[in-house]
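Pasting the structures in now, so scroll down.
Look for chain A in each of the two complexes below; its partner is chain B in the first and chain C in the second.
Moving on, here comes the complex of A and B:
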């Protein structure tokens, strides 16, 4: 499991790659939250390389969104494959963090 | 380190205190597969034996294991595997042990279906393991004590199979007849693993007892979920949320009213028809919701079976490296594919999953409506 960060100009990018299961969360959570929570720009989470997300991964995203939301900071997700999309929509996470089909749509959502 | 821990296939008999140590670290046997995976046991100075029956120190209920299969011994600072003339052999890193063989640190010993790694651990690590295991087993005993008994015969038959993962997930379930003659059942899955998730599951189970749902009709799934969402916000429960499937069956009308929150559907198997999903889209329990919980209903024809499961049942990576989806498991629910018994589904899935090890609790509840 990997997380890496990109500078998208007026937005920040956080890319999650691999299986965000219990072990995966353990390996990326600190780096992810330390970078994403205080980021003042809107953050787009790139899920195109995410193969699987378990409940702890969902929890990591919820708590990150909540922490950012307290400061009025925006967080959106994009690019999830069908399996990950199915998990996220079943859980209802897309009602908490908007899930867009691709980066262009995500950028449009945060700049509208 | 003592006592007896067991899963369905493996029994570790109490070992003498005082493992062999290299400087400040102790030689340990780390279980790599099965439901005891992750468990580490110190290797006593006197060594230990592995076999299918006592007096072996590690007893494996596995037909591929001989009565006395092999011994693990310390010699001149090294660890040796001595095969006791077993029928199917002992293997170190895939090589058959001819008589005896060195078992280097980091290598795997295979005996029947069990894989053990020779490892080194500090006393502090072993103490932490011991405390963690004790906590997990206490939590597991508590969860098990709350589970309903299987019921054969009657208007609704109940069967289930629950196998907690090594780290103990947060699965729990219940089934009960309500005072007004309706039948209620549910399955919950708390986020995360460990004693904390299990304790949260028990707290939810207690809240779901009809007498605890003051002012809420336990036969109204949407109202029950709304009450749970008020009672268990993530922020005041260590950031844990849970998913739930909740259903209520009225034998008089044969209506099953159901609601799911963050949970995948249950599956109704009507004779002669393909499995039908029974689910509703509601957010998981523990977060503020923007709209009322939705419920749905289905009239169950006679002889309908209903399968309610946790995601640990189907979210596996199989031995071919393929990640299963729910549809793969649902295909097994078709007549003639596996069988109707939860235990047999578990056995089948255990054959599919890598090392026979599930990453999450396996909970499968089967209800049969006469």
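Moving on, here comes the complex of A and C:
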């Protein structure tokens, strides 16, 4: 499991790659939250390389988005494959964190 | 005082005899056993020609129900074990998990309300909530294997 960060100009990108299971969350959560929570620009979470997500991964996204939201900061997700989308929508996560099909749609969502 | 040398640790995952079409694994008290069992789960899904969505849901339910006893129900470093049995029925996959950890009923708590907003979203109980949403049937039953304490039966629709 990996997380890496990109500079998208007026937005920040965080790419999650691999399996966001118990072990995966343990390996990236600290780096992910430390970078994403204080980021002043809107953050786009790139899920195109995410192969799997379980509840601990969902919890990590909720706590990160909540911490940002309390400071008026935006976070959206994009690019989830069909299996990851199935789990996110089954949980209803897309009801509280926007899930967009691709980066262009995600950028549009935070700049409109 | 001389300390007894620790014996070799059990393999994280052990195959046990099972009828054709059924998978029976014994997992050691090792969080690494969850990942170590994945190839067996994926081989079962492939042999049963499960659709990608069903195979993924099986992995998610397995992850939730196997990692919880190891993380919360077992004594650290103990030789406690967890049995996983998986079989395919006509309409659903049947996953049976038995462990000898602390007695625990994950279904005792009411299912949480749907996620409404970030501020009220729970941080705990998401795993069993997800299992309840994915499964057509979840029940805690009396254990059937010798020495086991908990038994959870989950059925996952094939379509």
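In this section, the second predicted complex is superposed on the first by the 112 of 112 C-alpha atoms of A that agree within 3 Å, B and C clash if a C-alpha of one lies under 4 Å from a C-alpha of the other, contacts with A are read in each partner's own complex, and residues count from 1 in each chain.
We take it that contacts are C-beta pairs under 8 Å (C-beta built on N, C-alpha and C of every residue); 3 or more make two chains touch, one makes a residue touch a chain.
Remember, predicted model here, so these are calculated numbers, not experimental data.
K.L.:
Looking at the superposed three-chain arrangement on chain A, would you call chain B and chain C a clash or a fit?
P.N.:
Chain B and chain C clash in the superposed model.
K.L.:
Of the partners chain B and chain C, which touch A:89 in the superposed model: first, second, both, neither?
P.N.:
So A:89 only meets chain B here.
K.L.:
One more residue to check, A:97. First (chain B), second (chain C), both or neither?
P.N.:
In the superposed model, A:97 contacts chain C only, not chain B.
K.L.:
Per the contact definition in the header, classify A:58: touching chain B only (first), chain C only (second), both, or neither.
P.N.:
both
K.L.:
A:69 contacts which: chain B (first), chain C (second), both, neither?
P.N.:
The answer is second: A:69 touches chain C but not chain B.
K.L.:
In the overlaid three-chain picture, which partner chain does A:22 touch, first (chain B) or second (chain C), both, or neither?
P.N.:
Both: A:22 reaches chain B and chain C.
K.L.:
Following superposition on the C-alpha atoms of chain A, which segment of chain B from the set 96-104, 258-266 or 294-302 overlaps chain C?
P.N.:
258-266
K.L.:
Of all the chain A residues, which ones make contact with chain B and with chain C?
P.N.:
The overlap between the chain B and chain C interfaces on chain A comprises residues 21-22, 52, 54-56, 58-59, 62-63, 66, 83, 86, 90-93, 95-96.
K.L.:
Applying the document's contact rule, which stretches of chain C touch chain A when the two form their complex?
P.N.:
31-32, 34-35, 52-53, 56-57, 59-60, 63-64, 67, 71, 114-119, 121, 123, 126-127, 129-130, 133-134
K.L.:
Going by the contact rule at the top, pick out the chain A residues touching chain B in the complex.
P.N.:
21-22, 51-52, 54-56, 58-59, 62-63, 66, 83, 86, 89-93, 95-96
K.L.:
Applying the document's contact rule, which stretches of chain B touch chain A when the two form their complex?
P.N.:
167, 189-193, 234-235, 239-241, 243, 261-264, 281-284, 287, 290, 311, 315, 323, 325-326, 359-360
K.L.:
Considering the complex alone, what residue numbers of chain A touch chain C?
P.N.:
Its residues touching chain C are 21-23, 52-56, 58-59, 62-63, 65-66, 69, 82-83, 86-87, 90-93, 95-97.
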